[in-house]
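Just passing along the structure, written as structure tokens.
The letters A, B, C and D name the chains in turn, as written, and every chain counts its residues from 1.
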Amino acid sequence: MIEAGVVGGSGYTGSELLRIILNHPEFELKFATSRSYSGERIGDILPSLERLTDQSFVSPSKEQLEGDLVFTAVPHTKAMEYVPYLVENCSTVVDLSADYRIPTREFEEVYGAQHSDPGRECIYGLTELNREKIAVSSFVANPGCFPTGACLSVLPLLEEDGVNRILFDSKTGISGAGAKPTESTHFPNVQEEVSPYNVTSHRHLSEMKMVVGGNNRDVYFTPHIIPSTRGILTTSHLFDVSLDEDEVFKLFKDYYDDDYFVRVKKDVPKLSSVRGSNFVDIGGFEIKEGRLVVVSAIDNLVKGAAGQAIQNANIMNNLDEKLGLDYAGLSP
Amino acid sequence: MIEAGVVGGSGYTGSELLRIILNHPEFELKFATSRSYSGERIGDILPSLERLTDQSFVSPSKEQLEGDLVFTAVPHTKAMEYVPYLVENCSTVVDLSADYRIPTREFEEVYGAQHSDPGRECIYGLTELNREKIAVSSFVANPGCFPTGACLSVLPLLEEDGVNRILFDSKTGISGAGAKPTESTHFPNVQEEVSPYNVTSHRHLSEMKMVVGGNNRDVYFTPHIIPSTRGILTTSHLFDVSLDEDEVFKLFKDYYDDDYFVRVKKDVPKLSSVRGSNFVDIGGFEIKEGRLVVVSAIDNLVKGAAGQAIQNANIMNNLDEKLGLDYAGLSP
Amino acid sequence: MIEAGVVGGSGYTGSELLRIILNHPEFELKFATSRSYSGERIGDILPSLERLTDQSFVSPSKEQLEGDLVFTAVPHTKAMEYVPYLVENCSTVVDLSADYRIPTREFEEVYGAQHSDPGRECIYGLTELNREKIAVSSFVANPGCFPTGACLSVLPLLEEDGVNRILFDSKTGISGAGAKPTESTHFPNVQEEVSPYNVTSHRHLSEMKMVVGGNNRDVYFTPHIIPSTRGILTTSHLFDVSLDEDEVFKLFKDYYDDDYFVRVKKDVPKLSSVRGSNFVDIGGFEIKEGRLVVVSAIDNLVKGAAGQAIQNANIMNNLDEKLGLDYAGLSP
Amino acid sequence: MIEAGVVGGSGYTGSELLRIILNHPEFELKFATSRSYSGERIGDILPSLERLTDQSFVSPSKEQLEGDLVFTAVPHTKAMEYVPYLVENCSTVVDLSADYRIPTREFEEVYGAQHSDPGRECIYGLTELNREKIAVSSFVANPGCFPTGACLSVLPLLEEDGVNRILFDSKTGISGAGAKPTESTHFPNVQEEVSPYNVTSHRHLSEMKMVVGGNNRDVYFTPHIIPSTRGILTTSHLFDVSLDEDEVFKLFKDYYDDDYFVRVKKDVPKLSSVRGSNFVDIGGFEIKEGRLVVVSAIDNLVKGAAGQAIQNANIMNNLDEKLGLDYAGLSP
């Protein structure tokens, strides 16, 4: 068994990691840290996990953390405090924060913070893009939730002529905003509402540009909060496309032929099909007047965070990437 | 008092017309038709209207309908059966169906149906665009819900250079689908979901093109259903825009300076601010890398249907356009 | 015109008062206080009210407040700081807090706070119970939201034999918890959830006992939060009832015969029928094995707070109680 | 491996059975029937199951059905057509319909239908009550969703003096109404609503009385639909209770000491803690003025249907009852 630890185990991403680890046939939970709940039983704080573990949250110093595998599920700028110690003391590390996803200089600009661990080598963990590199890496930066759904919806098209302008109009459940109550998570502010935010300048845009930009391609992104807890649906609009619908569909089928967690279908995908699961559903593929619409659906906390982290950890540990993740979502 | 009748009074649009008429200081409900509920008290079928009226639904023949003012709130292809009689027998008629919004030939193509009353003269009732023409018209075709929110979000920009490509990515509450249960209105299919549909070819696109197309301008439209009952939020993306944010804001402020029901603000608008009201809130106005984002929010059943119809009827009857509509929405 | 002021105008109850006052034919908004937003335009803070007023929030000292009519919409223990000044300087005062609803001694026990203005004479403003007393009062304590819906669902039965045990199992929208974000209003904690709280000892119970207790009658109350913003539906269970269903229905019809805002019907009422309106819908009236079920539906922010306060203010000012309130709710 | 079949595989209960079976370490899906979708790939009809199976729905005659284990997930009165054949040809059968839960005569009365297979011997599958009998049975009638949550919330109290009157006030997600769209599942009729129905006479009441009635004990039941897809929360009110809170808590802890899927805690349970899982959370345990409140939470489609059926099937097949069910729910 591989001993797995979670730094930051009581937030939404952390608790989702715990949910998956506790059900993983080859992982054993070694520790879950939480400053707020140190010493308290995990099942008391996260009652959905009662019976699955008797462990309590711990709060050791950074230097004491060790294990075969450690996940950091802490806010950006916090992960960089842990990572230098973890990569020393742990065989494999997956960071779920934003700290290492994009080059240091860009991170500092986009997140308006100084990086205390600049230039560290790491692999960007969009599994379907970098599987081979991930397999030989000991430190992976897990992608952001929006970039995961968005980039996967266009990756097969990037080599095609004319794919010069991509707009991602994304709709996310509110759980992406975390477990802490704020104005924007207040129920009456979400119910019967849909809220665009950072409509031209969301931080995840630079991550998207890193993955699918280049070649003078314009990449635009506007996220919206919908009255749902989980899920990200991204409507990708591409303009001046000269392919036809069948060609596009074939490109996607071929590209993702070996990717278990990517399900390509002609139908527009549904969040309910992926809820609680690591699957990415991609569909739509309609073209009219040169505009191509591709739609992707993920669970933001699974493929958009904890699930993809486990998928990467499996690969880093030479396990079948499906381990602990090979089950259907909750539908309805 | 102006005697007002509603053809098709038991659907969502019809009942919203009744709600407003029963509270209108100058309108008096003359009749509300319903084939399904003929003879039943309105308050028994629509319990929110109990106490506001003691009338019952009626079901006269088309020929018998008359009044100072009649609204048709029936499905497309049904309105054209009534309109020829109504325009004969009633002083003013507002049709809320799709039958007369676009030219006959285009209607037949887009809606796949033959028009039994082709070429009838009428004014397209986007109030803020056509107020003067509406004032002297006796027959108005009330706009679709999506085109209302979408077109108003870009009207002030149409004379500007470089506004050549507009994408409307709209999010609507499910009440737009009507009062009849279907697969797509089934609660578990809407909750925790967001559903793009007709992603390149929604029927309302031709109406949008009629209003804001032209000059080789590309107009695209993708609607989505969100887990809400009311409201349409449209995220309008314009590309290659050479204006700056202040110029855009000023264009909007100036254009809508005399339009009571259009509220222009820098903030991104919220559905809760317009819920149950006839207001259109427009905001956002961010530009980055040539892309301008403008967001509009309406209540699809009010400004998107019954409210705008009343606004038009007021104007057609030489009344203050605010009558019966001058109150705030429900927030939260 | 009657000049009306609101102390605490930016919370949910306060903003609902503003919504109604700004639409009231005989009231004119004199002031709305808000410490947090003093000096800011009301329409900037509460965008649904934009265009209805150009006033700004103010923050005068208690001593400066005066007007024909003042509403206090501040938390409990805060109202008692204002009321002694208001009753001096204002013709009519309606307090929407809990401070004066129940006798001082009981208030201190239930709310665990000392009362700084004990024993002040006031009328409990459950309109349908105390209309005559309200008409000659200058200071009214507006009822709690739960007691309003609960008590009205059993008032007609209190003189009947055998009505010795009443259980109110209530379901409320989350707006009752106020505009400030907390753990219990965090969207993911409300969505797909229903949360019983204070299951035997909610503070409103003592108010219910005051109104419908007595005669050794047992009164029980358990509130639940449902994933809705507005509305309270109360399922009232009465045991060992010897009446039959027709007798019960007749008792209710007779009792509320002159009460415009109480709509008695055999059907189980719906929240959508009262949403945004001052109506109370009461129905159900099923009896089996001695248990009677009566169900009431109100909008917690209207009949459960601001609407009933306006209704009371109308009566205190010798106006038709329907003024400013005589419109249908939003349905759907 | 045990070959498991599902009769009625495309409804909500059937698809939940498929979800669990496809993830079960000892079960192998032999067939899933569906008249509507016969011949179509399961993953095309239920896209959440894509990748988990390549099988298609089948539609054989009743006589042809055979397997080690068969579940019937068809409406009441339909199951009785299959069961006589299944019990002949299959080693173990679990019926998820209402047909065999209560005695034939009572079934005919409550469900208003003639029973074509009267008096058949079977075990009522409330696992925690009848585990031993289930272990030696080859035909089990799986309990209704409401009775499961309700009965488990009071079972430990039935031997106590004074427990003479129990009221179950239950709140259910709409998925209990099935996959077929109706008026009562129409999104605008559920959103911002809570709907009591069959307030004194729901069919599940007779099942509850069978399990927890007797000894002149009064058992009452009122169900409500809340705006959620999954979950049943039952608020159980017991009157004239002479125990204290600690005694009650201890009774529950002791009673369920060996029941893995029952989690007893002092806190009021949450639907999110059990969503998608087979756990029953029971808590509350407040007593005031003789009234005891106990609250239980289940996922209606798992412990309230498919999960408990699998739990029973495990036991009938001499497997650990946790197999295929030992994972946490989705929270948030």
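Here is the rule we go by: contacts are C-beta pairs under 8 Å (C-beta built on N, C-alpha and C of every residue); 3 or more make two chains touch, one makes a residue touch a chain.
Chain-to-protein mapping (UniProt): A, B, C, D = N-acetyl-gamma-glutamyl-phosphate reductase.
Treat the numbers as computed from the prediction; the structure is a model and nothing was measured.
S.K.: Contact counts by the stated rule: is the higher one at A-B or B-D?
M.R.: Per the contact counts, A-B leads.
S.K.: I need the pair from A-C, B-C or C-D whose contacts repeat those of A-D. Over half of the residue-number contact pairs should coincide.
M.R.: Looking at which residue pairs coincide with A-D, the repeat is B-C.
S.K.: If you average the CA atoms of chain A and of chain B, how far apart do the two points sit, in angstrom?
M.R.: Their C-alpha centroids are separated by 39 Å.
S.K.: Using CA atom averages as chain centres, what separation in Å is found between chain B and chain D?
M.R.: A distance of 45 Å separates the two centres.
S.K.: Among the residues of chain A, pick out those that touch two or more other chains and give their numbers.
M.R.: 12, 175, 179, 188, 191-192, 227-230, 270, 272, 275, 332
S.K.: In the complex of these two chains, what residues of chain C are touching chain D?
M.R.: Per the touch definition, chain C meets chain D at residues 165, 167, 169, 171, 173, 188-189, 191-197, 199-201, 218, 220, 222, 224, 226-231, 233, 235, 237, 239, 268, 270-272, 275, 284, 286-291, 293, 295, 332.
S.K.: What residues of chain B sit close enough to touch chain D in their complex?
M.R.: Its residues touching chain D are 12, 174-175, 179-183, 185-188, 190-192, 227-229.
S.K.: Of all residues in chain C, which touch chain B in the complex?
M.R.: 12, 15, 19, 22-23, 46-52, 175, 179, 191-192, 229-230, 260, 263, 265, 267, 269-270, 272-277, 279, 281, 326-332
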